[in-house]
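Dropping the structures in below, format is structure tokens.
In the two assemblies presented below, chain A is common to both, partnered first by chain B and then by chain C.
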Partner chain A sequence: MVLLLVVAMGLSMTFGARDVGWSEIVAALYGQVETIGEAAVASRLPRTLLAILAGAALGLSGGVMQGLTRNPLADPGLLGVNAGAALAVVIGLAWFGIEDATLYIWAAILGAGLTAVAVYAIASLGRGGATPLRLALAGAVTTAALSSLTTAVVLPRGDIAGLVQSWTVGGVGGATRDQIVPVLPFLFLGLVIALLSARKLNLLALGDDTATGLGEKVALARAMAAVAAVLLCGATTAVCGPIGFVGLVVPHACRLLAGSDYRWLLPFSALGGAVLLTFADVFGRLVARPAELDVGIVTAFIGAPVFIWIVRRRKVGAL
Partner chain B sequence: MSEPLRSDQRCLAAAGIARIRRKRARRRWCVWAVLLACLLAGVALTLMRGQSFTPPMTVLRALGGADVPGVGFTVRELRLPRAVVSILAGICFGLGGVAFQTMLRNPLASPDIIGISTGASAAAVFAIVVLSMSGPAVSIVAVVAGLGVALLIYALSWRRGVTGARLILVGIGLAAMLQSFTAYLLMRAPSWSLQEALRWMAGSVNGVQLNQALPLFIALLFFGGLILSCNRDLEALRMGDDIAEGLGVRLTATRVSVIVAAVGLVAFATAVSGPVAFVAFLSGPIAARLTSRNGSLLIPSALVGALLVLLGDYAGQFLLPARYPVGIVTGVLGAPYLVYLIIRDNKSGGAL
Partner chain C sequence: MSSPSLLVHDLMAGYGERAVLDDINLTIPSGRNTAIVGANACGKSTLLRTLSRLLVPERGKVLLDGHSIHRLPARRLAQQLGLLPQSPIAPEGITVLDLVSRGRHPHQGLFARWSSADEAAVAEALEATRTTELAERAVEELSGGQRQRVWIAMALAQQTGVLLLDEPTTFLDIHHQIEVLDLLVDLNRMRGTTIVMVLHELNLAARYADILVAMAKGRIYAIGPPEKVLTEQMVREVFGLASRIIEDPITGKPMMIPLGRHVACEPSRDRVEEPTKNTPGAELRTWSDRHPAR
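== the complex of A and B ==
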């Protein structure tokens, strides 16, 4: 996995609207910006870093959500959590005129948290609890409603429409170091909490009753895992915009590699997410040269088939 | 053991049933009449009120072709096309939606949730932006793509039979993919301003013209007629595939013609107005509540759909602080209802 990540980083530095040679990359990494190639690499560096961070955060938060809800279809994008974060940021931009990056992140995390709670509540009310179908439907509905609201907020404001439109597709292009630094503490905190909750997720996987019997405080474990997931995907959405399906695909792929023990699965998901998003970003730059395809679109095209595959593979009874 | 009914008792029972039937028929006509009256009132309202108020007689004269200075243009060119297209699109969405919901016996299986509208709108955007097509050609592309997506969803959810849950989930997955495709196309579109793109994606009848209404009307006559001709078989399908087959319904033929007709309706409407959120999904259940599930839902749903689009558009234009496209209004309105449906257990599936 680590090897793959290194390869992905290398590719991400090399390819783009303009190919550069290794010598130029190395030179640029030492801080030279004399040739065009070196300048290109210098602008690709933060982008690659962001792709790695965002991918890791999304993969991790998807894994945590799947464990938390015991639901194979959980994903920050599908559950509408990203849409909630997006709406909060847009409201912040349009009505409160926030410009500070840290406030962005707080708004996104707030939105993500509220939406996560709301979607889970909607899905688990009524008879039968939160089945995958209801969770997915609740997510789809919430996404539809929240994006309607987002559009409603943006439409009267021509001045921010362009900014929002390019942001709502989800991309890591145009990242700068100043954008990345403020998210780091949030991501780090989320990472630590997520990894600490891995053992609790293992117990939750056995069912609430068994987990309680084994001395686990189920509500506390859920809350902790939820905080981690929301921190991770909220902060990511604040910087990159909503990127879907990474959190869905990666944990499933990693389950094939690492088994279902969350202590292994979560770190693997983080690595896998980083690899996937970096590759997706490189791919998006290559298909549409000299323009580029936003990474959110690439992940949707990778992710939707996987989603359908999971749906088909499960027995109807499990759905 | 109860004794067999005597003949006079039988007569009484028959009379009772006949009375109930008459009462139901009366109620059905009542609901239709009320809906139609609401629709007419809505049309009158949208024709009279806008940025300025036009008295009813002046509106009538302007519609009759009289050249009333200052009013003729407003009424004939601005308000009338908007009202006509709203109604036609609403009827299309309502009919298409309820046909799907009835056939699949699941209120959540409406074309806008399982990705068929998304497919049609992605194709329409592709046709307009990349192939620079316009007019009826766009509608044809949208219809073909809508059908293709419908078939794809059906095929992908086929595994020893199609279950409602799998179909809906596959539809959600495909819809997510197609949505990001549409977003990409709109972002790359050079000639479309971002505002316009956003408006179109939300679904809007802003700036429509009367000549756009004609293909929509023809589509409605053709596909709507097809659906109405399947009405009896659709009603039988509500009781389950086996019973319907026992009653002499040809399952495959009915399914294919209903799918083709419903997708055709939704796709044509989408090509003109964009995917007006949730109208296809909401019309059927609202109509079912209004008629207390009495008789066929096709006509009431069509009327409810038309009302939703017409009034949603009016509200978006004049009742809210800023001018919003109709899709925003219906999207925000529809979501709470969908939430309610999910909370209320819909496992039984039969209820609409």
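== the complex of A and C ==
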């Protein structure tokens, strides 16, 4: 997995919309930006870094969400959490004129948290509680509603429309160091909490009653895991826009490798997410040359079939 | 291992507005095997849920060695009181060993390593439930009976003095029901574990439990040894069913025979006790003799 990540990083530095010679790549890595090629490569470095961070955060957050909802379809994108984060950021931009990167992130986390709570509450309405299918439906409806709202907020604002449009597709292109640094503390905190909650997720996986019988405080464990998931995907969305399906696909793939123990599954999901998003970004740069395809579109193409496969394969509900 | 005592004092519990249990006072005898029986919706599962702190009572207390279980720290309580709920969930792909190992959770600190005590407890639990050979198998591949043994192994690895089980034999065929109940009796005899289980099947409860608790309408109808509790009057009043109680010819325990509507007339006692008034050749009569094809 680590090896795959190294390969992905290499590819990400090497390939792009512009062909660049090896000598220029090496020169750029040493900090030279004299030719256009070297400049292009230099811009790929923060971009690669962001892809790795965002992928890891989304993969991890998806794994945590699947564990805490005991739902194989949980994913920050599908559950509408990313869309909520996006709406909050757009509102912040359009109505409050926020410009500071840290404020972006707080807005996104707030939006993500509110949406997560709302979706879970909607899915829990009525008898039977939040079944996987209900949760997915509630997420889909919420996503649709929030996306329309986002559009409605942006529409009358020609000044921010272009900015928002490229951002809501979800991409890591054009990343700068100044964008990446402010999210680091949030991602780090999310990572630590997520890893600490791994054992709790292991118990939640046995059902709430059994978890309680084994001495776990179920509500507390859920809240802790939810905070981790929201921090991770909120912060990621603030920088990259809503990128879907990474959180869905990666933990499932990693289950095949790491089994059902969250103490292994979560680190694997982080690595796997980084690999997937980096590859997806490189792919997006290559298929549409000389233009680029945003990574959010690429992951949707990968993720949608996997989503269908998961739904068809399981009697949904077994996690 | 000396079992802690479990005491229920003046308990009232329910879901929301609806009180399911009322005025429950109960001493679960330490080191014995207790079965809770009663009609559907009589509150027997609710009682077990309250005993296992899944449900917080409206009023009253459940005391474990004199401490209220709803006040004890969750982890410490879990070291003394084990629980096997009615439908536990096995995550996809989990192995038997992994599942049973999770029973060690209450004995491990936040950063604690897997210790030799953990190792020994898991090995012993697998052995006791005869699931050692299944250790590397995935739980979902197992048969219903094997799966239930694995869940019991998980509860054993928890090494608690009290073990609560909610209908541990439901969904099992009769062979596996007996297998599970035999296993629980083994535990009770060999380790002195106090066992409290909700059972549907009256005759199995009378056969396997030292103490029967009969419940009706959210209250305790009777408590005592099966010989005292399982009576025709109890079956009539608790289950609304006419029955005969006879002595199990093998174990000497009471055995209930339901009458139902299709017993032509109330059979006299001596006919029930002496049912084999053989007409010659009666034992040769088969289903098809009695129901000749038209």
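One rule holds in what follows: the second predicted complex is superposed on the first by the 312 of 319 C-alpha atoms of A that agree within 3 Å, B and C clash if a C-alpha of one lies under 4 Å from a C-alpha of the other, contacts with A are read in each partner's own complex, and residues count from 1 in each chain.
Rule of thumb we're sticking to: a residue touches a chain if its C-beta (ideal position, glycine included) is under 8 Å from a C-beta of that chain, and two chains touch if they have at least 3 such contacts.
Only a predicted model underlies this, so the values are computations on that prediction, with no experimental measurement involved.
When both complexes are superposed on chain A, chain B and chain C sit side by side without a clash.
Once the two complexes are overlaid on the shared chain, A:70 sits against chain C while remaining clear of chain B. With both complexes placed on chain A, chain A has more residues touched by B than by the other of chain B and chain C.
By the document's definition of touching, of the two partners only chain C reaches A:207; chain B does not. Once chain A of one complex is fitted onto chain A of the other, the partner contacts of A:176 are absent, as it touches neither chain B nor chain C. In the superposition on chain A, A:78 makes contact with chain B only, not with chain C.
In the superposition on chain A, A:261 makes contact with chain C only, while chain B stays out of contact range. Of the two partner chains placed by superposition, only chain C is touched by A:216; chain B is not. Shortest separation of chain B and chain C in the overlay equals 19 Å (C-alpha atoms, whole Å).
Common to the chain B and chain C interfaces on chain A are residues 319.
Note for the complex: chain C touches chain A at residues 52-54, 74-79, 81-95, 98-99, 102-103, 105-106, 110, 155, 158. In the complex of the two chains, the chain A residues touching chain C come out as 70, 196, 199, 202-203, 205-207, 209-210, 212-217, 255, 259-261, 314, 318-319. For chain A in complex with chain B, the touching residues are 73, 77-78, 122-123, 125-128, 132-134, 136-138, 140-142, 144-145, 147-149, 151-152, 154-156, 158, 161-162, 165-166, 168-169, 244-245, 291, 293-294, 296-297, 300-301, 303-305, 307-308, 311-312, 316, 319. Interface residues of chain B facing chain A in the complex, by the touch rule stated above, are 108, 113, 156-157, 159, 163, 165-166, 168-170, 172-177, 179-181, 183-184, 187-188, 194-195, 197-199, 201-202, 277-278, 322-325, 327-328, 331-332, 334-336, 338-339, 342-345, 347.
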